[in-house]
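The first chain written gets the first letter, and so on, giving A, B and C; residue counts start at 1 in each chain.
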Amino acid sequence: MASALTVVLPGDVVAQDALPTGTGKKKTLTLGPGLRHIPPNTVTTTVAGTLVTDNRKNAALVEYNSGRYTPFAGDLVIATVNGSAAENFNCLLTPETPPAALPHLAFEGATKKTRPQLPPNSLVYCRVASAGKDQPPELTCVDPSTGKGEGLGPLKGGMLFKISLGMARRLLAPKSELALLDVVGAKVGFEITVGRNGLVHVDGGNVRTTLAVGRGIQEVDQKALGESGQRKLAADVLKSL
Amino acid sequence: MVAPEVTLTQLNRADGSAAYTHNGYSIIGAVNGPIEVQRRDEQPEEATLEVNVRPSAGVGTPRERHLETLLHNTLRSIILTRLIPRTLVQITLQVRSLPEEDTSTGVNTSLTLLPHLLHTAFLSLLSASIPLCTTLTSVLVAYPSSTTKSSTPLLSPTANELLRAKPIRSTHVFAFSGDRRLLLNESDGKFSYEEWETACEMAEEVCCKEEDQGGVSLGDSMVVDGAVQSQNLEKWLREVVRRKVEYEQRWKSAT
Amino acid sequence: MPREAEISINEREFIKQALQEQIRLDGRAFDVFRSLELTFGEEYGVADVQLGKTRVIARISVDVVTPAPERKFDGIFQIVTEFSPMASPAFEIGRPTDAEVILSRILEKAIRRSNALDTESLCIIAGQKCFALRADVHIIDHDGGLIDASCIAVIAALQHFRRPDVQVEGEKAIILSVREREPIPLSILHQPLCVTFSYFEEGEIYLVDANVAEEQVRQGQVIITMNKHGEICQIAKYGGATVNPLALLNCTNIALEKVKQMSKFIQQKLDEDNKKRNPKGLMNELSAENARENAVIPG
């Protein structure tokens, strides 16, 4: 991460020298959210945020932390079942958006006879299988290559907490380290499930633990707590249990 | 000209919001979207845009409907509606307060309000991260009657200034995109073509950044310190966005 | 228009379970309000209320009209609540939801029919001219407790409002502008405030000031309106939960305590605002001229 932030406004043309040069293995430049390619070779921004480039992956994107979640293929999300149609569950990723389809057979070990029964308003942890502007998003709870659930599936018990999209990305990042979770996790057991759509599901076995962890995460998000702030918060959380 | 005051993403419920105050005009804007659209409003290739202007007192009148139409057409041209087809982008603008002298200035009150509504709507869209093809800035220019002492046009006048320069011969609202295209022009009153052109040039100067400054302006707009007394609305917009980004990224530098 | 999203089963069960263990999601006790904030605008009669994440703005405006023929000696007072998509995309203009109907009905009963405002004082010339007062309630942000917050906003705005003075000479009335004569406050007879109790577990548990999640889980609600003197203006009950009469009596005691606190809070904010407007009391009259001179230097 560069120390100086490159602030962009919608419609800014990204100069050629600001884009990754493509020295890595991948030759084609990948444009992430917030960037638009206008042929032949102009790249402009569509949202306000910071320009982030990755030379190794030969990718560029605009990072922002506001607005509604837009599904991308591969994202892990927590979906709410809205109803069941012929072969799919209709799921909501965010309220008031068109429903996403989760096929009845997209669960580990599901067959036509042993399809899962999910009542309306239950929660499912799933992956976005496909998404795009021209079709409603499709979800899945199995890894297509192995047929295994890999931890995906219905979420039982616990509690759901809203967090910002940026916080969700932070928690899902490969080398994510949240001091709060490390410190609290060393003392009490709990399970968290993070959805890219700004939701985190916490199950601590009892009300107090669940609530303390969930609200702790929300507080880290809202107050943008750093390492030491989180340790202090973790101590408070442990004291309250 | 004093730069408008803005707070982005203030509301918890809406996807994006902006609280805007300038020259006594105070407006709260909220954007929800992209959300599910009603079947009858659905468009196969584009997003549907809904604009609601709500007056501070009383119910909406034809004046609000007229403003909504103007806003709808202008915003439609800057939102990349084709990137989010078959969805709805819902913009609600709640007028919170107007300057005390607003109704006594003798000029068309929908014109004096229009630039502020445009700014609030645009900033709310920014806050909601709706894909846009460009930025938008807008300004009011007023010509006092030539019989009075000064006939130099007033740029972004306050309601009080308008009241003192009464009678006003003509008022013009201009809105420009980031690439200096004229997005909207509403004029009212008697004026010559030359006057209109002068007004348009004045507005363009305030609204848009200096030319020959292509590409992403790396760093240069960020040097400006907290208190901006910017003469330029484009600079002001960058400052607003810089603050938004800094707020969002503050966890990276937190201890 | 999309319907308001329903709360998930997990959340519903968790909230119920937590309540049985005497825990609320935000750590409040059962009978505690969220943090209340009240600010006034530049003009008279604008109150901005924040109750936790809920935000409501009330605005009073005045007009001169002919009074209704059957009520010649009364002015007109109406409260208008219209939800906008700002608070939630499920709200649509021109198509009121149940919540909206309940809100406007409660405010009507609580404030207008309890004669909080002396409408006779709004009469200018009997049968010919009177003031028409209008309170617009704008819901800006919605996280539950809309009724309580709206009531606070309207009552605070009414107390803050100043109407222009009139000079009556026989059949002629002259409305004096703000510049000519200091506007005068409304004649308010008492200050009713609402406290909403949300019922859970067949009326076994009740909460004060529920947020949206708790409102979605509750079985019923009881709204009690009273003033700080302990006079009950109205009680309304919605939803299916059965409520024990003794528990209801207990609720009125809690409500009285809350109303007293809130009235005190509103009065304190009004005093602060008044002090800001008239830093030196009457001396302000003399210095106003100078202040106005300074204000018009073009920026």
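Quick note on the criterion: a residue touches a chain if its C-beta (ideal position, glycine included) is under 8 Å from a C-beta of that chain, and two chains touch if they have at least 3 such contacts.
Keep in mind that what you see is a predicted model, and the values were worked out from it rather than measured.
Asker: Identify the chains adjacent to both subunit A and subunit B in the sense defined at the top.
Answerer: Chains touching both subunit A and subunit B: C.
Asker: Decide which interface, A-C or B-C, involves more C-beta pairs in contact, and give its chain pair.
Answerer: B-C
Asker: Just how far, in Å, is the C-alpha centre of subunit C from the one of subunit B?
Answerer: Spacing between the chain centres: roughly 31 Å.
Asker: Report, in whole Å, the distance between the mean C-alpha point of subunit A and the mean C-alpha point of subunit C.
Answerer: Each chain's C-alpha centroid was found; their separation is 40 Å.
Asker: Specify, in ascending order, the residues of subunit B that touch 2 or more different other chains.
Answerer: Only 32, 35-36 qualify.
Asker: Which residues does subunit A have that touch at least 2 chains other than itself?
Answerer: 96
Asker: Quick check on subunit C: which residues sit in contact with 2+ other chains?
Answerer: 2, 89
Asker: List the residues on subunit A that touch subunit C in their complex, please.
Answerer: Residues 80, 92, 95-96, 119-123, 155-160, 201, 207-208, 210-211, 215.
Asker: Would you pull the subunit A residues touching subunit B in the complex into a rising list?
Answerer: 1, 4-15, 18, 34, 36, 44, 46-51, 64-68, 70, 96-98, 133-134, 166, 170, 224-229
Asker: Please output the residues of subunit C touching subunit B within their complex, sorted ascending.
Answerer: 1-2, 41-43, 46, 53, 55, 57, 59, 61, 80, 82, 84-89, 93, 134, 136, 138, 140-143, 295-296, 298-299
Asker: Going by the contact rule at the top, pick out the subunit B residues touching subunit C in the complex.
Answerer: Going through subunit B, the ones touching subunit C are 1-2, 11-14, 17, 24, 26, 28, 30, 32, 35-36, 38, 50, 52, 54, 56-60, 90, 92, 94, 96-97, 100, 158, 160-161, 164.
Asker: List the residues on subunit C that touch subunit A in their complex, please.
Answerer: 2, 4-14, 17-18, 21, 23, 25-27, 89-90
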